[in-house]
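Below you'll find the structures, each written out as structure tokens.
Both of the next two complexes hold subunit A, though its partner changes from subunit B to subunit C.
Let's turn to the complex of A and B:
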């Protein structure tokens, strides 16, 4: 019943997509469309939340659609319900933002038809219960989001981004297709129920894990499969960027969890699976944030930072796999809860930050941080929301990002009992990588917020910016409020995740948190570790406010405005401020020379020469230059060689066909 | 929980706040004596704070609301963090509010807003300070967390009171990992408190300063709060070292008022000793170049990682 209702809602979204083809011509057309998306996503969100919290049995639905011998199977269990909540929360907020943002879209006919279709595609992936439906929905999601990436197709950079996205999406789907093929076995049981029931041989199971890591990882942005992500996510309109970065990457994480934890089953896990996923996650986390620090384009910085957070999520998942392989289900529950909590958190703050970047983009027309600055004066509300998002993503207490990282650290601290030697070395190293990435993330967001919103405007566009509309603001503040709420009441989120973790972890889950005194988060035991975001926030609020009141009452509250002091030499030109590039320079020198082979060259003209002095920075992208460029070169070399085959005479083609036939028949005869 | 425990908790919060300027003054006085100067009285920071808080604030034209809110936020975060470190008594009513990881993260919150405040006015000095501070923190924070890993692997907990109790028991023994962790913590403490050789708290020579550059535009009551927060941070780190590596003489919950008083005296003595050691160290070493700092802190990170690795590996031996 519930599933039918969900399906009808998805059909409404598809119909809205159809309306999107005619909407741009009508007055208010885009308003209607975003309102429908908002309403549908809100209903989907509430239904999924109700199902998750009620803890009911999974629901099934089979329809005579799709492959004739298979049919269309849908299923709603705790895992899909949780991810439905994440997807539709993001979808609802992005639609709310779209209500205001839609008016600024130059080519709405390239956005409106695909936007609801994209939402419907992501929802359908989560509901699919057979390989055909899953892959169909997955491709539907990829292609509709590709169309959105290409919305502003006149910019050459976007064309490249779209092409790369298409190539990587095809690669990812190919990997998933092979994974499902192996899971289905020789009988071709393409229903998920059959895959769950059948036992995959260990060698094939390992292959499935690797394929799932490649397939889902390429969509989620695991290093080295991330190259398309920082190009494609920023190219789309900002609310779509929020969906792609905040939500679609989570659908990819869902795909990985569904295949590895559910279809393969944690029981069949081998310890090195966890090690592989852990290592991939750790490397992804640090490289992602280092890439992000080197960016000056606000939206691209955010996209690279998504790569970091995906790494953190995969660290949690890898730990869970390692624990499950060693039958340590309680620790696995902790690691899984941390990973899923971070899924929710990242969807909240990354959507918020992309919406903020979108508001800045509409207000100034600039994405380049070097031409922004001082926006806190002209866009105070956007600045506040962006600040909350930046603090949350930098894992600062009492906001939500800290809680999931704290739980990941606790899971790492529980892992010395793992018996395998490789894991004993790997886990603390990954812990160090996680700590490093958390600290670098704070630096990255001091840069993102500080250069964009603080200081003095670096361009006329930034100086004349105005506050964004109310719809966009309310969308951002809904997310900012949720970031705070999830940070101060983490116990409730952990309880909500309980059924999901139980489903994936053979029934083992964390103990209920809601009855802890003062709503403290005590994941392991009161003697091990505890954290109370609510009290931390209360203490901070009380001491800060008390200090302010006391000082203003008993000391002084006088303020005088004057020019900046700046050691006695205030310079009126905004060009003397620190820029994004100069802010990142110390970190570039410390980490960049190793990772990016960063080189700085200073050209100082001799005295009397009127040429300006120049500082040139040279950065190399190790992944692109080591992995992708050689592959691309090889493909071009082979296709150039094969090119002659296109210009043969009909005689030669016929002899080629004849030759191929002879070789095939000979082969058949020999093999028999 | 008895009422006295809540009183002691409140007393501990006030004690760190009251002691913070004294400790800063004490370190300055000892340093001056080591340089054969007379130096201002150790009580001078109190006078400075009172004087600063009475003056009006001169705010740069380009400063935003964030610049005015940041001192209170920084002060609040550091005070909460400092009062969650057990000083003279462990196991108090609110000791479970935040564990060691959360305390490290609270320090991060304070640093985040201080760095933003440095960028707010839009001057080059503010920017240089913020950018260098975040570079230092990007190595110091992971080093600190690796130290936390080592400790919690040994003690089986990240709660500071429980760690302190564990360190008093006999089964700690002499461990290489602990020595490495202590070294890492000391290096981090020096860096985070903007002490020589990483930064110089007394400098106003433009290109060498980090912390002072960030707060250059602050004046009046805002500057007073920032100064008080820096002093609180010094107390926090010294208390942390004392609580983890020298927890002797610490009272536990419900010990009675006499025991609490005795423990408080011991705590103050520990702080004084820590201050002397810090002043000795600072007077005997030269400041290093900014781009040597990463090697100094990288060493701390590697020491912390080594300590944790040793424990991970030695578990099964």
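Let's turn to the complex of A and C:
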């Protein structure tokens, strides 16, 4: 019954997509469309939340659609309900933002038809209970989001982004297709129920894990499969960027969890699986944030941070796999809870940050941070929301990012109980990588917020910016409020995640947190560690107010006018301010020369010469140059060779067919 | 097993293979057409005989189609085309007869080596028929590869198609609807090919494939 209702709501979304083809011609068309998306997403969100919290049994629905001998199977269990909450929360807020943003869209006919379809596709992936429906919905999601990436297709960079996205999406789906093929076995049991029931041989199961890591990882943005993500996510309109980065990557994480933890089953896990996922996550986290630090394009910086956060999530999942393989279900529950909590958190603050970047983009027309600045005076509310998002993604208490990363660390601290020596060494190393990435993320967001919102405007566009509209602001503040709420009341979220963790972890889950005094989060045991967001917030509020009072008490109240702290340039032009590039320079010096082969060249004109001094920075993308460029070169070389085949004579073609046939027949005759 | 029925079916199918060999070294266009007409006639007889011994009445229709279209209409139409193109006196250079015969014999051996082990479960008649059909098909392809003249290519294609029909008839028949649609598609192919031949002739003053290739721009880099 509930599933039928959900399906009907998805059909409403698809119908809204159909309306999107005519909506741009109507005066209020885009507003109606976003209102419908908002309403449908809100209802979906509430239904999924109710299902998750009620802890009911999974629901099933089979329809005679899709492949004739398979049909369409849908299923709503705790895992899909949780991800439905994440997806539709993001969808609802992005739609709310769209209500205001839609007025600024230059080519609404390229956005409106695909936006609801994209939402419907993501929802359908979560409900699918057979391989065909899953892959169909997955491709539907990919292609509708590709259309949204190509919305502003006249910019050459977007064309490249779209092409790369399409190639990587095809690669990912191919990997998933092969994974499902292996899971289905020789009998072709493509329903998920059959896959759950069947036992995959260990060698094949390992292959499925690798394929799932490739398939879901390419969509989620695991290094080195991330190359399309920082190009494609920023190319879309900002609320779609928020959806792609905040939500679609989570659908990819869902795909990985569904295949590895549910269909393969955690009990068939081998310890090195966890090590593999852990290593991938650790490398992704650090490289993602290093890439982000080198970026001065606000939206691309956020996209690279998505890569980093996906790494953090996969660290949690890898830990859970390692613990499950060693039958340490309590620790596995802790790691899984941390990963899923971070899924929710990242969807909240990354959507918030992308919406903030979108508000800045509409107000100034600029994405380059070197041309922004001083926006806190012109867009104070956006600045506040962006600040909250920045603090959350930098894992500062009392916000939500801290809780999930803290829980990941708790799981890492329990790793010495693991028996394998390799894991004993690997997990602390990954912990160090995680700590490094958290610190670098904080540095990166000091840069992002400081250069964009503080200082003085670096361009006329930034100087003339105005505050964004009410819809966009309310969307951002809903997310900011949720960031704070999830940070202060983490116990409630952990309890909400309980059924999901139980489903994936053979019934083992964290103890209920709601009866802990003062809303404290005690994941492991009262003697080991606990965290109380409320207390931290109170302490910060009290100490902040006390510091302010003290300063005002002892500071002189007399007004004194004089030159400000001016660093020796009393009437400086905005160009003399700290820039994003100069902020990132120390980190570029430390890590960039190793990772990016960064080279800096300073050319100083001799005295008397009027030319300006120049500082040139040269960066290399290691992943692109080592992995992708050789592949692309090889493809081009092979296809140039094969191009000869396009221009043969008809007799040559016939001879080729004839020769191939004879060779195959000979092979057949000799084989037997 | 070795009844008269089997022997006659064997004889007719084998006759098609022999006629395919005949096709291989005909260097005059009319002779090629005549042998093709004979090829199709033997096909009609073979399919008719299959219809009789299998008591599959729809195969009579197949045989009729083969007789009317392939043995009479198509050769006559091609003959008219040849006359109007004025190429009935041209001699086509056929590579060494001995070489073609050897290659053909090797192909027949290959067909038998492939088909007999694959169809162990089936009855002897179907196995022999399938082996012969594959041989006819391969010989048709060999003809197409060997010839320059567009008419010869068409004949090669049609004899290849005869092999397919023989295979279908031997393997307990294909549905009549499929057979009729195949026959029609062959007819349409004939019409299209005829039209094209005249167009090619208008353009290039020749239906020799080698002459046409020389007109192609060299687009190779």
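List of remarks:
Keep in mind that, in the parts below, the second predicted complex is superposed on the first by the 650 of 672 C-alpha atoms of A that agree within 3 Å, B and C clash if a C-alpha of one lies under 4 Å from a C-alpha of the other, contacts with A are read in each partner's own complex, and residues count from 1 in each chain.
The rule is short, and it goes like this: a residue touches a chain if its C-beta (ideal position, glycine included) is under 8 Å from a C-beta of that chain, and two chains touch if they have at least 3 such contacts.
Not measured: the values here are computed from a predicted model.
In the model built by aligning both structures on subunit A, subunit B fits alongside subunit C without clashing. Using C-alpha centres, the superposed arrangement gives subunit A a vertex angle toward subunit B and subunit C of 150 degrees, stated as a multiple of 10.
By the touch criterion defined above, A:668 reaches subunit C but does not reach subunit B.
Looking at the shared chain after the overlay, A:611 reaches neither subunit B nor subunit C. In the superposed model, A:601 lies in contact with neither subunit B nor subunit C. With both structures placed on the common chain, the touch criterion links A:548 to subunit B but leaves subunit C unconnected. Look at A:644: by the touch rule set out above, it reaches subunit C but stays clear of subunit B. When the two structures are aligned on the shared chain, A:655 is found in touch with subunit C, with no touch to subunit B.
Of all Cα pairs linking subunit B with subunit C in the superposition, the shortest spans 55 Å.
Shared interface residues of subunit A (contacting subunit B in one complex, subunit C in the other): none. Within the complex, the subunit A residues that touch subunit B are 373-374, 376-377, 380, 383, 387, 391, 394-397, 402, 406, 409-410, 412-413, 415-417, 419, 421, 424-425, 427-429, 431-432, 435-436, 438-440, 442-443, 445-447, 449-451, 454-456, 520, 526-532, 535-536, 539-541, 543-545, 547-548, 551, 555-556, 558-567, 570-571, 574, 576-578, 582-587, 589-590.
Those residues of subunit C that touch subunit A in the shared complex are 107, 110-111, 113-114, 117-118, 134, 138, 141-142, 144-145, 148, 153, 209, 213, 216, 219-221. Listing the residues of subunit A that touch subunit C in their complex gives 643-644, 646-647, 649-651, 654-655, 657-658, 661-662, 665-666, 668-669, 672. Contact residues on subunit B toward subunit A in their complex (touch as defined above): 53-62, 64-66, 72-73, 75-77, 79-80, 83, 94, 96-99, 101-102, 105-106, 108-109, 111-112, 115-116, 119-128, 130-132, 134-135, 137-142, 145-146, 149, 152-153, 156-159, 162, 204, 206, 216-217, 219-221, 224-225, 290-291, 294, 301, 304-305, 308-309, 311-313, 315-316.
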